[in-house]
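Please go over the structures that come below.
Both complexes below contain chain A, partnered by chain B and then by chain C.
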Partner chain A sequence: MEPCGTLILLNFNGGLELLCRSTKVHHVDVELKPGADGLIMKDLLCWIRTNLIKERPEMFMKGDSVRPGVLVLVNDCDWELSGNLDTRLEEKDEVVFISTLHGG
Partner chain B sequence: MDAGEEKRKRSAGRLCCLCKGNKAALKRPKTLEQICKECFYAVFEEEIHTVIVDNNLFKAGERVAIGASGGKDSTVLAYVLSKLNGQYNYGLDLFLLSVDEGITGYRDDSLETVKRNEVQYGLPLKIVSYKELYGWTMDEIVKSIGLKNNCTFCGVFRRQALDRGAALMRADKLVTGHNADDIAETVLLNLLRGDIARLGRCTQITTGEDGPIPRCKPFKYTYEKEIVIYPYDLCIYSPNAYRGFAREFIKDLEKIRPRAILDIIRSGENFRISNSTKMPEQGMCERCGYISSQKWCKACVLLDGLNRGLPKLGIGRARAP
Partner chain C sequence: MSNKRGADGNNSGCSCDGGAVFSYDSSSLELEIRRLEAEKDLIEARIARLRLQVEGGKSTGGVTAGRIDDARNKAAGEEQEKGEGRANMNGPPFPTASVCGLTPEMIHRYSRHLLLPSFGVDGQLNLSKASILVVGAGGLGSPIAMYLAACGVGCLGIVDGDNVELNNLHRQIIHTEAYVGEPKVKSAAATCHAINSTVRVVEHREALLASNALDIMSQYDVIVDATDNLPSRYMISDCCVVLNKPLVSGAALGLEGQLTVYHYNGGPCYRCLFPTPPPATACQRCSDSGVLGVVPGIIGCLQALEAIKVASSIGKPLSGRMLLFDALSGHIRIVKLRGRSLNCDVCGENSMFTRETFQSFDYENFTQSPFFPSSNEGLQLLPDTDRISITEYKKRVDSSEPHILVDVRPAHHFQITALTNSISIPLSSLKENFAVIDSAMDEIKQGTGLDASIYVICRRGNDSQRAAKLLHENGFSIAKDIIGGLESWAQEIDHSFPMY
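The block that comes next holds the complex of A and B.
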């Protein structure tokens, strides 16, 4: 069998789902970068930008991170507590993105 | 175990700095405290209660309209206010007030959310329509003027619609879900535009106290990040697009220094205008009695144009008679 990547459950909210074919929940299999010993958020964001975001990537990302105002939860926990871009992801982790940049 | 794995274990085990029992789930932008979900709900609600009490926002027996757009802020506001009203016996007669601009399809989702809130929170709901208030729906206005200046009409009409709706429903007060990020953004925009009169007003927690229906903002010191996380497993809100660059700038600042949002509000609060500055006078519209710095308020100028078949009147520099 082919060596496979890491299975991650992604959830886009607050309007971000509109950037990926209006689908909120995505089960994805993220292949590791050659030589990497595990998946981190930084690589996951790159992967999402290349493989999932169909339009207006600037609504989701700024530089190599999410656009300020997009909240990120890793397994129901604020990613600011787990190291932001350096957060290590494991098989079957759940990552939630919520945009705050919409009307109230 | 490599460094990365060690870090993950450490962060996963980090405890809430308030209860020291549960796992921390959130970093508060206001205080940088790392707290668990349970403590977050408690401090979030407690802080809003403190703001309400310290600023004497309400008096027992008042009839209070909650401006409800179906968006996250007003949805959380409706929930928290009705919870605090019960918990602390404010004695308020709360109801939801929504505006229907009359744009086919546009409000379907958000009005659905508001109707769901009516049932979930047990709050009566009144939807006022542009048609009812002004005699025109936005669809009819667009038919008359096209798609070029329609936002001017919609914006001016919406600003007044909540006040008019609240008056119609004999409310004593109107509350809106404007949060700390919104207010910081408004301070910046008013600074950038040099709009001294609005700069002075925009940080006040209650405005229009001399008018028929005072407006207040119980979320003045509440960060948007926390409002977004609060209902995360409680309710669904409907997304709306677009925010301007000032907002993005604020989020950039927050990223570098989370305190920036409260600092901007504080700067706005402490702004003093020199005595020699001529301030625009606030009077009343001669036609409808709504607050206005001109002879006619903007809504009446726009309506006059619409009704006379001259919809361009009131757009740009054109002035009322």
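The block that comes next holds the complex of A and C.
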């Protein structure tokens, strides 16, 4: 692993894993943008879109955020509590993307 | 559940069917005998208790306060150890309803609840005064209704407009084979009554819609969402906000489940979390994606637990938090959610959402998905000239037309059942497998000298249109979609073809 990136544990659930070769857990090393002093959620989403989501990106994203109906959790906390797209990520943080279920 | 053990189509509900006993085999007879013996034991125990009450009344000339406390302590499990046990039976009777509020029957039935220091008499009393509405008598609703009936909630309402189906029994454990084709609510109520005849069960045999939700939901203290579709989830949450009722919400699909409590004690509502509905294409359903029966069972049990906590005012309900269950990996995660949104369209500070707004709100249009998923047919992606009916396809097969049939369902669907001579190329990998089609066509050309036609089939006729479109765009302009897919084959051509 390159030492210059940030190691993040990604978890796709609720059907979102189907967009990443049906794999739920991804250990990824996200390189920082030139000049950036740290990784934020906005950059992570860009990175995921480029590197992980192989098909139907519209099922994951809308604009530069996630699509409606996807909950984003940073270390088991709703990202609305930590700044949404501006949430600052640190080494070994865990980010969970979960699509809400409606079945019963 | 003796009242519906028969598999002979006798769905007469709660009737006392002693006369029909001889039509069952010996094992069900034995079951019936055991049930009756258990009933006999219960009745004898009741008679014994009443006798004691009569005798106690005679010998003590009334119940003094001190003795009531004794009895109450006894009921609450603080009975002193051994030796006294038997002697106490001749002492003061069980407390009367006016003292701890529970009848002797209730103390007996719910004794294991009363033994819990954190639940006890207060918890049981609160529960016995509470009314809870379960919306949906399916995979989630089954264990919810059964546990709520068993635990002694005062009034249990069940609302659902569907009938029991055989291919739902793998998860809808409140129903039995004898009730297939009958209203789910009728079947669920019969099971609940069989479990606990002292609970008032109210049957609402209709779908919950914006037009009747206010009327129905306003009769209850706690609402439990056990539905299976998106518009219902928004509608039930909105109605709970309008009526100011707590909502215990659960969902399950595939091998995952989710659970939280909305609009409780200043917590968020469904819209605070999901102000905008997801695109309709992102909404999977059990009937398409599958569900392992026990998964909604587990979520339903947890919903029953949260409903009991809310109704009896014990513990810390799962509000502002969400439980995420992943059956395959065996992970349960409880995450912290955002609080109530001040800008929420429904529960926010400046919300203009009233009863009137609610009743006229078009939830199907808002979510772009239907209340009744089965009516969601009829995707029309292709012109009629690029599609043929299943009967037309059958004719062409019978006339030995050289053709290839591409089945574009996922591989695990193909494994369940397929038409003979069909080639499996799942839609998701069609792009990479055009060569397979090419070589199949070449083979026919070499064998017969004729150009083969291409037909595309799937389960219901939606994916096959997407596939045919993709084929058209990649040079296979002769590809035709088979309308209605394998479902119409099973309905119109071969009734023995297994449908799932």
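We adopt the following convention: the second predicted complex is superposed on the first by the 97 of 104 C-alpha atoms of A that agree within 3 Å, B and C clash if a C-alpha of one lies under 4 Å from a C-alpha of the other, contacts with A are read in each partner's own complex, and residues count from 1 in each chain.
In the analysis below, a contact is a pair of C-beta atoms (placed from the backbone, for glycine too) under 8 Å apart; a residue touches a chain by one contact, two chains touch by 3 or more.
Bear in mind the structure is a predicted one, so any value in this text is a computation, not a measurement.
Enquirer: Now for A:Glu58: first (chain B), second (chain C), both, or neither, which partner does it touch?
Expert: In the superposed model, A:Glu58 contacts chain C only, not chain B.
Enquirer: Of the two partner chains, chain B (first) and chain C (second), which one does A:Leu71 touch, if any: first, second, both, or neither?
Expert: both
Enquirer: By the touch definition at the top of the document, which applies to A:Leu7: first (chain B), second (chain C), both, or neither?
Expert: neither
Enquirer: Scan A:Val28 for contacts with chain B and chain C and give back first, second, both or neither.
Expert: Touch status of A:Val28: no partner.
Enquirer: Once the structures are superposed on A, label A:Ile98 by its partner contacts, choosing first (chain B), second (chain C), both or neither.
Expert: Touch partners of A:Ile98: chain B and chain C.
Enquirer: Tell me the contact category for A:Asp37 with respect to chain B and chain C: first, second, both or neither.
Expert: first
Enquirer: A:Gly15 contacts which: chain B (first), chain C (second), both, neither?
Expert: Once the two structures are laid over each other on A, A:Gly15 reaches both partners.
Enquirer: Let me test your reading of the model: by the given contact rule, A:Gly83 touches which partner, first (chain B), second (chain C), both or neither?
Expert: Only chain B; A:Gly83 stays clear of chain C.
Enquirer: Overlap of the chain B and chain C footprints on chain A, residue-wise?
Expert: Looking at chain A, the two contact sets intersect at 14-15, 67-69, 71, 73, 76-78, 80-81, 98-104.
Enquirer: Residues of chain B touching chain A in their complex?
Expert: Residues in contact with chain A: 2, 4-5, 7-8, 11-12, 14, 23-27, 34, 37, 69, 71-74, 177-179, 181-182, 224-225, 227-229, 232, 237, 239-243, 247-248, 251-252, 254-255.
Enquirer: Along chain C, where are the residues that touch chain A in the complex?
Expert: 136, 138-141, 226-230, 233, 250-254, 256-258, 273-279, 281-286, 289, 291, 296, 322, 324, 326, 329, 333-338, 428
Enquirer: Please give the residue numbers of chain A that touch chain C in the complex, ascending.
Expert: Listed in rising order, the residues of chain A that touch chain C are 13-15, 24, 55, 58-59, 67-71, 73, 76-78, 80-81, 96, 98-104.
Enquirer: Contact residues on chain A for chain B in the complex?
Expert: 14-15, 18, 37-38, 40, 67-69, 71, 73, 76-78, 80-83, 86-88, 98-104
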